[in-house]
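The following pair of complexes shares a single chain, chain A, combined with chain B in the former and chain C in the latter.
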Partner chain A sequence: MNSVDASEHYELGATDLPPSLLTIVIDTNPHAWALLEDSLPLSKAIANILVFINAHLACNYANEVAVVASHTQKAAWLYPSHNAPRNRSDHEGDVVMNGATDTTTPETNKYRPFRLVEEQVTRNLKEIMDSTTADDLRGNMSTMLAGALTLALSHTNRRTLAWAEEHGGANTEDAAAEGNGNGSTATNRYSASNEDERLQSRILVVSVSGSIDAAHQYIPVMNSIFACQRLSIPIDVCKLSGDAVFLQQASDATKGVYMALAEPRGLLQYLMMAFLPDQRSRRHLVLPTRVDVDFRAACFCHRRVVDVGFVCSICLSIFCEPPPGSDCMTCGTHLDIGDNAKPALLPRRKKKKKRVNGASGTGTPMSTPTPGP
Partner chain B sequence: MADSDEEYVGDVTEDEDDLQVTRGDNPRAKRKQRGGAEWELSRTWETLVEGADGTINSTVEGLLEAGKRKRLLKDTTPLQRGIIRHLILILDLSQSMSEKDLRPTRYLLTLRYAQEFVREFFEQNPISQLGVLGLRDGLALRVSDMSGNPTEHLTAIQALKTQDPKGLPSLQNGLEMARGALFHTPSHGTREVLFIYGSLLSSDPGDIHQTIDTLISDKIRVGIVGLAAQVAICRELCTRTNGGDETAYGVALNEQHFRELMMDVTTPPAAYSQKESSSSLLMMGFPSRTVESNPSLCACHSKPSRGGYLCSRCNSKVCNLPAECPSCGLTLILSTHLARSYHHLFPLINWVEVPWRRASRSSACFACGLSFPSVPLEDHWQMAENNTKGMSVSSRYECTACRNHFCIDCDLFAHEVVHNCPGCQSKSTPTRSDVANPPSGGMDITV
Partner chain C sequence: MASATSRPLEYLEGLPGTTFYKLYQQPSTALAIFRRMLPDLAKCFVMALLYLKDPLPTADLEVWVNSESKKERDNALSILGRLHILSTTLTSENVRAYMVTNPFAASLRQALMGAEDSHSFGVFSQAPEHNLISIADLDEYARRQWEGVMGYMVGTSALSGQRDAVNLSKGVKQLLQAGHLVEIRGNRVDITKDGFGFVLQDVNTQVWHILILYVESAEAIGMDSVEVLSFLFLLSSLELGSSYDKSHMTPNQLRTLTDLADFGIVYQEDPDATRFYPTRLATTLTSDSSALSNPVTGSLTGPAGPSGGAGSGFIIIETNYRLYAYTSSPLQISLISLFTNLKYRFPNLVTGKITRQSVRRAIEMGITADQIISYLLSHAHPQLRKHSAAQSSGKGVPASVLPPTVTDQIRLWQLERDRLRATAGFLFKDFTSLTEYQAPCQYAAEIGVLVWKSDRKRMFFVTRHEQVAAFLRSQKVGGK
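Showing the complex of A and B:
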């Protein structure tokens, strides 16, 4: 509209470049960290990550950070801690001066944001580790990556909304749409046109677990990845050990950085060099991304990795060969074999019979939909 | 929307719109939600109740929240859906589109929303096909051919912006051309036509009822978004081709409603039971990406490029996925494209409102940490509860599987964008698997 009535120039205000929000997902799976004990123990890694966080906070006074732990049993916030019981009484954001702060000598010479992050992250991490029992770990090698990503995304969403509200001038249209409550399927809110004017957020996953146990989380993780893709939030992956196919796909789909560290002891250097720049700087940099991403699929029936597979048109399950009886194994639908597969499957009388039955039903107009399985 | 002359008035009208929309679903059944027109009878001022402090702030906030919530409460029954779709988008390019009742003009707004629609359509339906037609001067003209590549459609629609709408539209010509375009599509996919129709007439060369009959026999479903008023033939067309279902015809009340009507179509339609016989097993290729040291021509556009995907059957190079191999015709996709459609098949359940009685369990949103209003004394409960339907009195929403409480924004975000429940995914409990996850077979792709 503005281009029509030539009011475009009214909106060209002098606005500061928006700050960036960095959400770090730390994989705290004790099994995997135990394997790394010799080269990079968890305590050292956390110290490195804290330095990295400080560097990020120092880049811009308004930069924000959030840290999520993806543990074996649960995903939990490390910073900011939402349910900290000691802060419940004050809603003004003031620190409550009771016995809690006296347990450690306050480091008065430290920049306050640095100190807050450091204290909360270490305290919450300790709580998580203390609450983990041996029973929890037995036979449980996985990590709650899907939950951690979902939490990170929710927080990002909250901060983006809050930031847009505070800086309404930068994107009035979005704010109006938001305020109306009828404004937004999220695409509108995050459309690419105002990418520069909203809070820049990105997610960094520090991952140590392998992918083998993550299969049951496949769909939730994929959902999070697509959400990131839609909101153009890059997922950076810093892989300390193991190899996760879907993390490769995540960083590839969201145009993030994927690095598998050859030498875990150099974690801080890797973090500073590869993961510190925000989206705006990244446009001018050559990023260390991976070129050979594994995109092949594994079939549902034999778990073979396939180049050419058969896909059920109803539930999209992948098979390496037409399933027996040509009934889909996941949803149970009877499937016609497509033209491509005909040579292999000519003598199948049962199928013909079904088709006759089906044809009788096609003449009548379609009626109410029935719920599927 | 910000227009230098209208800014002040703009605020007021937007509020009013919101009230109308919110109010619309209260007195009547949701069945007629898309029909339009019932808002004209609603008495929006009656919903405004002064709060204890003499202002209407709390009520207005409540209405806003209810408005957000309204869009969420969709049916979450897992239906079989036609994931593989073939859709023809037909744009009215006749003179009635130059009206300015939708701003800037119907024409420009339609083109803008059409572009958004194309993007969203391929976002939601990555393995589907789309084509765009236009109606102008009594003729149907081809804007872009059926293809699975969004950029082609976007540039074609963009090119329309330099032209002016003129002449009269012909529904019949548009339908016949769409029918021709959909004739060859395989039977396992859906066949759909979506009209954006701004006119109140159709100047047809023949009997449109015959065309409707052929559409029914070809199993083509027609949906129409009207921009002016209801037209009898449009209603009949939608009702008959959708098996008696009227909801495919909607008339836009305002810009926002227009957008909603269009975006609703991006969700894959439920498959009807009779069509089960036409479901089939498709052969698809899952190519890997290659990067060559020297650029070579791609088979699809004959443009030199270094990166690309090699067809798994014939090794010809295509530059973008999903695509159909230009030489051997194999459908080439990534497994992630398939995964993208899973949330239609396994939707996240709706969250329920939390009464004050159970509200004391939480003080902050589980996902984003926004603090909730604290629980008032018991005798204030009743007063707060007669507020508005659809919203939670305590501003808390509960996932019935993991029993965590969330704020309205996270509710919206979880259901519309992520399709995950932050609570269920964050806890390793046996209840997790039966909510957002599919039956056993669906999770083994990465292995």
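Showing the complex of A and C:
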């Protein structure tokens, strides 16, 4: 009978639950997929991912999806494709619906939004695969993860702003007004409204390439990860083969789900169970996360993944060996190692990256000679 | 969301299991029910179980959910059970396990993957379109028809008949009367208590209300309610702005289509046309309320005219109970005047004050405080929303859009009048021991059906007894 007395406050504001935006980064590195040919060929994986996308769209009328391919040479949009010919102006649509001349083959046994995504993804993927030459593959074994993550992030950002403008419009204007003054636009834009009230976005990386090849992208990848962390966009990682150091850190830092599939054939079930729930549902579920995260970093000079290395005392760049000419390659500061006291300084400067971050106080007094000669 | 979802959900729950079996044959129905009726967590469960070959043991599902979210889990499972989506079986090792029931699972899988050619999602019209109907035209048509229905109920169309009068068909009027939304006395149309509640709801809820009335009355005029219902779900999955072919439809569906055109839910040039267009009222049937508050649908309820623009609301309320409504629509003004003392009227603005007297008058007519508040909330001016968003940025809790003093006071004014609230339900009593009483009571609280309990008398009252009874039975079996 407690509900009858008037002491409770009447709350109706939080009933409108915002939809979620899922950006999927698919690693399309042909080298890695060739290794998986026996258990899960790319075509089958794409089919599984498409069903997963449909499931995501089915969960809410306004849910959105975006797909990015991270290929050997470039990162490209699979959906929505921005350069596709627009034959119909559809400004009111909740999902960006462009392309796909539909009047020719009206196949109606499928819910239309599902079909649009499917057609575009398969067509664009085919285009990418067709445009890849043998020469491209010979020179490059890795995947453009950094570019793909950046594309995903910028798309997320744009949709978040557009969505906020459509619904209430409070956040954007306030953010713009405050941001002009103090230059902290990003934080305002995202923290202005309650986290539940903005577009719920997350990024899913379906990764097949190993980490060694991706080490040369260490810096841009880490930058994207930090951006996601700041905007509280979880990066979920579904690892089909290999084991990428940076992606472990990505999901760890952004509180995403990390799963290395023991049995790639069951991809769809893994996707449905672990990766489908959005942020709201995740609060209620026990999700697989990784306990032992590999925190190693890649050096800035040779992109090697290192356990122990040199760290510039000014900009914290990491090197696997003393940089040539003792000048930091990132900030150009002359470091006091190469010239005279190299062997003597080595044991003291050599320390784990993690400790440098934590206890930088001990490192700084030594490295003051930066003004140098 | 609660108010918007509950009505269709309640109606569906009341259907017998065989009806569900027939309904779930259609992929579009399975998809629509999945999307519209289930809470988030229930969706996760269904999707996780959908592609599993073997049923998932109940214990595994319990482990999957956080221990703090037990209530949400039980609530989700209870809804899934009531809609006949999830059932429990025994696995080969004699463990209780969940599985998605079959016609639903197969249909949902088919909706996701697209299997055989079933025309479940409509057939595009192939005929060349000589006069193209734009989305704006459809919105305008839907708005005019729907406002016509509302105006008929409130009686504004009689007052200002010169404004593009809409001809309501006899069927519409009969339906409104059959649903006890209006009473026709001689030549006069009187709105009932239910009718007042109805006109203050948001459009989506109203459409559902009408559609359910329609389905209920379908049996009476010799149509299969399952067929009508699955046709409605099919409509909700069509795409706005494209035309669909009518030649594949059954006579009953064609008849439904003509009736729905009167409400502005679909558009056809004339009843014999070969194609029809779903309007936004149809395509947003299975969306949630946030999708509905987009500018165009908002203008369906908001002030008439090409105002469009961003945001749909037009009402501003101040903490001193003054109300400003930027509208010139006679329908909206007469709705507001139901619970407000209107003072001034300008070309595009009316102002007034919400007083104890005006609210009591409304309540005497059968309008509840919740209805007033939800009306105000769904039509709140963007400025109000902006203000509340700015307020909430500092604190963790979201500030309410309407001034809390006003909403609380409206409720208090209602409580002055009716201090009793009737809840239909079931009383459990005569437990022999306290422990025997506590377990089912706690379970009832977890699944959200508990209304009242008394530890001293060892009694509790629930709104739904099936699951509690099942729980008691399972306890008994476990005990022996």
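To be clear about the criterion, the second predicted complex is superposed on the first by the 244 of 373 C-alpha atoms of A that agree within 3 Å, B and C clash if a C-alpha of one lies under 4 Å from a C-alpha of the other, contacts with A are read in each partner's own complex, and residues count from 1 in each chain.
Methods note: a contact is a pair of C-beta atoms (placed from the backbone, for glycine too) under 8 Å apart; a residue touches a chain by one contact, two chains touch by 3 or more.
All of these numbers come straight from a predicted model, not from anything done at the bench.
*Asks:* Looking only at contacts as defined up top, I'd like to know whether chain B or chain C touches more of chain A.
*Replies:* B
*Asks:* A:126 contacts which: chain B (first), chain C (second), both, neither?
*Replies:* neither
*Asks:* In the superposed arrangement, which partner chain does A:319 touch: chain B (first), chain C (second), both, or neither?
*Replies:* In the superposition, A:319 contacts chain B only.
*Asks:* By the touch definition at the top of the document, which applies to A:302: first (chain B), second (chain C), both, or neither?
*Replies:* Neither partner.
*Asks:* Kindly classify A:18 by the partners it touches after superposition: chain B alone (first), chain C alone (second), both, or neither?
*Replies:* second
*Asks:* Which chain A residues are contacted by chain C in one complex and by chain B in the other?
*Replies:* On chain A, the residues that contact chain B in one structure and chain C in the other are 1, 4, 10-11, 173.
*Asks:* Under the definition above, what is the set of chain A residues touching chain B in their complex?
*Replies:* Residue list for chain A touching chain B: 1-2, 4-5, 7, 10-11, 72-77, 80, 82-83, 88, 91, 140, 144, 146-148, 150-151, 153-155, 157-158, 161, 172-173, 176, 179-183, 185-188, 211-212, 214-220, 222-227, 230-231, 245-246, 249, 253, 291-298, 300, 303, 306-319, 322-323, 326, 328-331, 333-338, 340-341, 354-355, 357-359, 361-362, 364-373.
*Asks:* Please name which positions on chain C make contact with chain A in the complex.
*Replies:* Interface residues on chain C, with respect to chain A: 1-2, 27-28, 31, 34-35, 40-41, 43-44, 47-48, 50-52, 63-66, 69, 72-73, 108, 111-124, 126, 135, 237, 239-241, 284, 286-291, 293-296, 310-311, 373-374, 377, 382, 385-390, 392-393, 396, 398-402, 404, 407-408, 411-412, 415, 419, 421, 452.
*Asks:* In the complex formed with chain A, which residues of chain B make contact?
*Replies:* It comes out as residues 1-5, 10, 14-15, 17-18, 21, 63-68, 71, 77-80, 83-84, 103-104, 108, 116, 119-120, 123, 186, 188-189, 216, 219, 240, 242-244, 256, 259-260, 263, 270-289, 291, 307, 312-313, 330, 334-336, 338-343, 345-346, 363-371, 409-410, 413-414, 416-422, 424-428, 433, 436-439, 441-447.
*Asks:* Within the complex, which stretch of chain A touches chain C?
*Replies:* 1, 4, 6, 9-19, 51, 54-55, 58-62, 90, 92, 94, 102-103, 106, 108-112, 114-115, 165-171, 173-174, 191-194, 196-197, 268-269, 272-273, 276-278, 280-281, 283-286
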